[in-house]
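Presented sequentially are two complexes of chain A, the first with chain B as partner and the second with chain C.
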Partner chain A sequence: MISGFLIQAIINGIMVGGIYALVGMSLNMIFGVMKIVNFCQGEMLMVSMYVTYLLYEYLGLDPFIAIPIVAVVMFLFGALIQTTLITRSIKEDGDQNVLFLTCCLGIFLSNVALMLFTSDYKTADSMFANQVVTVAGMNISVPRLVGFFILCVATALVFLMLKYTKLGKHIRATSQNAIGAQVTGIKTKVVYAYTYGIGAAIAGIAGACLMSYYYVFPSVGNTYGTRSFIVVTMGGLGSTIGACLGGLGLGVMETVGSTLVGAAFKDTLVFLVFILILVLKENINRKKRG
Partner chain B sequence: MSGHYLEVDKINVKYGDIQVLWDASFYADKGEIVALVGSNGAGKSTTVKAVSGLVKISSGSVVFDGQHLEGGNCRKFIDHGIILCPEGRQLFPNMTVYENLETGACSKEAEAKKKETIADIFKWFPKLEERKNQMAGTLSGGEQQMVAFSRSMMGLPKVLLMDEPSLGLAPNIVDDIFRIAKKIAKENGLTIIVVEQDVRKALKFADRGYVLENGVISISGTSDELMGNEEIKKAYLGF
Partner chain C sequence: MKHLSIRHILIALLIIVLAIVPAFVTTTYVMGIFVTTFYVGCCTLAWSILGGLTGQISLGHAGFMGLGSYISAILLNNMGISPWISMIIAFVFVGLLTAVLLSPCFVLTGPYFTLVTIAFTEAFRNLFTNWEYAGSGQGILVPIDNDSIFSMRWISKVPYYYIALIMVIVFYLILRIIDRSKLGYAFKTIREDEDTAHAVGINSFKYKFIATFLSAGLIAVVGVFYVNYIGYINPDIFKNANSLDYVMPAIIGGIGSIVGPLLGAGILTPLSEWLNAALSQIAGLNLVVYAAIVIVVILFQPNGIMGWFTHSKLRKKINNSFDNIDRKLFKKE
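Right, the complex of A and B next:
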């Protein structure tokens, strides 16, 4: 039965990890193209969860059905922030400016949410709410399963977009060599706006999925923002596949951890492993350098 | 104005407070190859960056085909047909050779002619066709320069600015690229402005040349005149 619990925990972990992976991936994409670490990615997720909540509350839209709308709204929101605030704060030498900007923006967004929605938990029920399927003795929550499936589809779409579309090629080109992109006539500013917008839209998809079985409150982005940083650090900043694997790994670690040591110590375990990874990684890198 | 194809008149460029280019004037006619030579830090790259819109000029003018071009917007210059093949190649290392080339075709016209241009490029550099699905970052330096040159050609330039194409390459590869570039210039009327530290090679390739010293154009003339110039012989040709 113990192993049954473990397998159950692993399955749950993979599903939670899907969210981390997606947020991590969006963080990575923004970093890859603009070379900025976007400290408000967690809050983007929070905003998208409130958007999902509003669509549910006022239009009665199921979180899963709302995904396309949430994605578009978040894309526009992200692109707007990029063109109005971030572009203006990027200095050519050093980017502490942008770093502080994204940090503050995160705090600002959660406080606006606090003002508008108070600190109460808000939920949006999906049609699959509380449904459970039993496979080989394992109980799997249907919203999580559907959510995970959607996250996989979203990830695949992002990969295909990057690989085959003109925009995707321009995004890759700009991330690999900004000067090269300029001299080939790529409108790098447009690419930046799209990238930030797509990053926000990805967080939006994750947020809508999360809303189907979780609740939103103003500081919900904290948890996920921090997690997504752990994810990209584990997987290597800039590596998309790394972020995916890192996200799933972290999710599994959390759920298995809380099964083994109890939910109260989950975070302790996560951060302990994170610190260990940081130290080990630095050691390995130092050895590589010789 | 005397109405040359490309006319650069008294341009000044500053990086912050530091001025690095002073009243630089030069011109190039259609199908002409013009060399811009000088020692390290003379301002050669800055000059071609200014002419391709990559950096802003603080005063002076760039007039191409009768049209006044404002700096700071590379894409606009490209749409007019002025394309820079930058120093250090600046390829996209984790994209294939083919993707690198494709990216160079940015205007509508260039995109429409993409297939033909690529066919031409593979005729000039059969090696690139063999390697078209290889990541550009894994190519040899010479092959990378071929890709850089070809990527610029994908944009269907009327004026091609080449910044130190010979940097770190074997002489025979540079000769290859220069030979092909010259052929295109003479057959299709492509204007080329080439920046080089290897003065001998540059003057052999070019019709005319300018010498840039500390941000000022000090000597100009046809390649033969410059080759015979005592000062240039002493300073750059090493005898």
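Right, the complex of A and C next:
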């Protein structure tokens, strides 16, 4: 009986973790390549959820079908923000400016959403909404399953893109050494714009998937923004597969944690584990360096 | 003792003007804006010890402030301990607790340290939301009394005004003393380059510990004032956005200076209150405008007002004219 609960919790965790993994991957693109801390990642997710909502409300598009459109819109939105705002604030010394800028941008975006859509919860029903499949006695919600499937596809695509396409190679080169990349003729500014755009587009995919079974409100990004940082730190900076596994790990930790310590204190557990991982990692790194 | 100069006279005049403001301002609303400006100024100054002087950007100060508020509210409600004593308890307890909790994280640099502070605050929020003794999600209501100094309770806002004003002056003096002491130089060396600090024999762990202790302790004192001024406390105080409210004035004013954060608070808090009142028809519009203003400042003047002022011609002019006046008034060489 108890093991049954646990297995159900783990399955739920993996399904919840799919979204965390996607948001984490989107942050990872930006954090890993541009080395900037994007504190408005959660708000990007929020924007993409509202885009999905608008597509559903006015065109009647199912959230899952809307994914390509949302991804393209978010790509353009991300590239626009990168080229107009973020490039300007990147300075040689430290990343304080970018940190503050993205924080303020987050406040800006969530309040624009509050202005336009008020603080009511908005939903976009998917054709799979509220459907559940039962496999070997375990209940799995269909939208989450589809979301998980999309996560796998997206991870594979991003991985292949980074590995084999010209753009992917440029991105990796820039990530390793921006000045070196510039010397070999890579236009790093263009690469940055693409990177931020792709990051935003992945957030868009995550938002559309999330919208199929969740609701959107202006401060929905808060939870997911902080979570995405946890995912990235758990999975390792700059590693797509790592972010994917980190997201699933976080999801499992949350659901298993809430069955073990009670749902009320799961956040505390998650944050404490996060701090522990960060500190341990840094200490291990320091020992390696000597 | 340095010679008296026109600068001292101007500062004294400013304090006198602020001290007699309550005699002329009778609207509670305007008094409220003054009090808010003062305590936000205090928070920003407290943040500056860790964020400005030591260069460890924390976005968790709302959490440390909240701890102070909760300590005061619980002590007053359950044990009848006066907020005045709570201020000392909060200073020592929250300062130590935060410094001990954050001490393993001092190895982290840059954004990672920021993330840890956010994580701690979110954890506090989660704990306090579920802690029945501390009122769970509803929070704690401070008992409503008649006017009494013991429980820091007045119906009028004037006493709070003076407490907040004194607090700003004390905090400013504390920061000024730290800034020019050996401690301050150690903080600033760590901010500029931690490896260099190690090389010249500065124990960065020790000084980060001291900076965190002072910074969190002082903001907890503000927290004690805050809860008694507002009258209630709930876990919303731990929200991340609150921390940003105390950081933004420092950004606008100029991180690293001492006058900057105060100046930033003096500009931003009334601005945000005014936007709040003027644009109240559309929810969110005030914060959109507010955030847009801060974004523009970060883009075009990333060092803030003081960062611009220190290297500007205006400062030279003002300095020159002050020196001239000094020469004429006090017949100095």
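We adopt the following convention: the second predicted complex is superposed on the first by the 281 of 290 C-alpha atoms of A that agree within 3 Å, B and C clash if a C-alpha of one lies under 4 Å from a C-alpha of the other, contacts with A are read in each partner's own complex, and residues count from 1 in each chain.
Just so it is clear, contacts are C-beta pairs under 8 Å (C-beta built on N, C-alpha and C of every residue); 3 or more make two chains touch, one makes a residue touch a chain.
Since we're looking at a predicted model, the values are computed, not measured.
Engineer: After aligning the two structures on chain A, examine chain B and chain C and state clash or fit.
Structural biologist: fit
Engineer: Counting only touches as set out at the top, which of chain B and chain C does A:V183 meet: first, second, both, neither?
Structural biologist: A:V183: touches chain B, not chain C.
Engineer: In the overlaid three-chain picture, which partner chain does A:D267 touch, first (chain B) or second (chain C), both, or neither?
Structural biologist: In the superposition, A:D267 contacts chain C only.
Engineer: Considering only the touch criterion stated at the top, classify A:Q96 as touching first (chain B), second (chain C), both, or neither.
Structural biologist: In the superposition, A:Q96 touches chain C alone.
Engineer: In the superposed arrangement, does A:I275 touch chain B (first), chain C (second), both or neither?
Structural biologist: Second partner only, chain C.
Engineer: Which partner does A:V112 contact after superposing on A: first (chain B), second (chain C), both, neither?
Structural biologist: The answer is second: A:V112 touches chain C but not chain B.
Engineer: More residues of chain A are touched by which partner: chain B or chain C?
Structural biologist: Between chain B and chain C, C touches the greater number of residues in chain A.
Engineer: Would you please give the vertex angle at the Cα centre of chain A, with arms pointing to the Cα centres of chain B and chain C, as a multiple of 10°?
Structural biologist: The three centres form an angle at chain A of 90 degrees.
Engineer: For the superposed arrangement, tell me the lowest C-alpha distance between chain B and chain C in Å.
Structural biologist: Superposition on chain A places chain B and chain C at a least C-alpha distance of 14 Å.
Engineer: Both chain B and chain C contact which residues of chain A?
Structural biologist: In the superposed arrangement, which is not itself an observed complex, chain A uses no residue for both chain B and chain C.
Engineer: Going by the contact rule at the top, pick out the chain B residues touching chain A in the complex.
Structural biologist: 52, 54, 74-75, 78-79, 83-86, 89-95, 99, 102-104, 106-107, 151-152, 154-155
Engineer: Quick one: in the complex, what on chain A touches chain B?
Structural biologist: 169-170, 172-173, 176-177, 179-187
Engineer: Hey, which residues of chain C end up touching chain A in the complex?
Structural biologist: Where chain C meets chain A, its residues are 57, 59, 104-105, 107-108, 110-112, 114-116, 118-120, 122-123, 125-127, 129-130, 240-241, 244, 247-248, 251, 255, 282-285, 287-288, 290-292, 294-295, 298-299, 302.
Engineer: Can you tell me which positions in chain A touch chain C when the two form their complex?
Structural biologist: These residues of chain A touch chain C: 37, 85, 88-89, 91, 94-97, 99-101, 103-105, 107-108, 111-115, 118-119, 218, 222, 226, 229-230, 233, 264-265, 267-268, 271-272, 274-275, 278-279, 282-283, 286.
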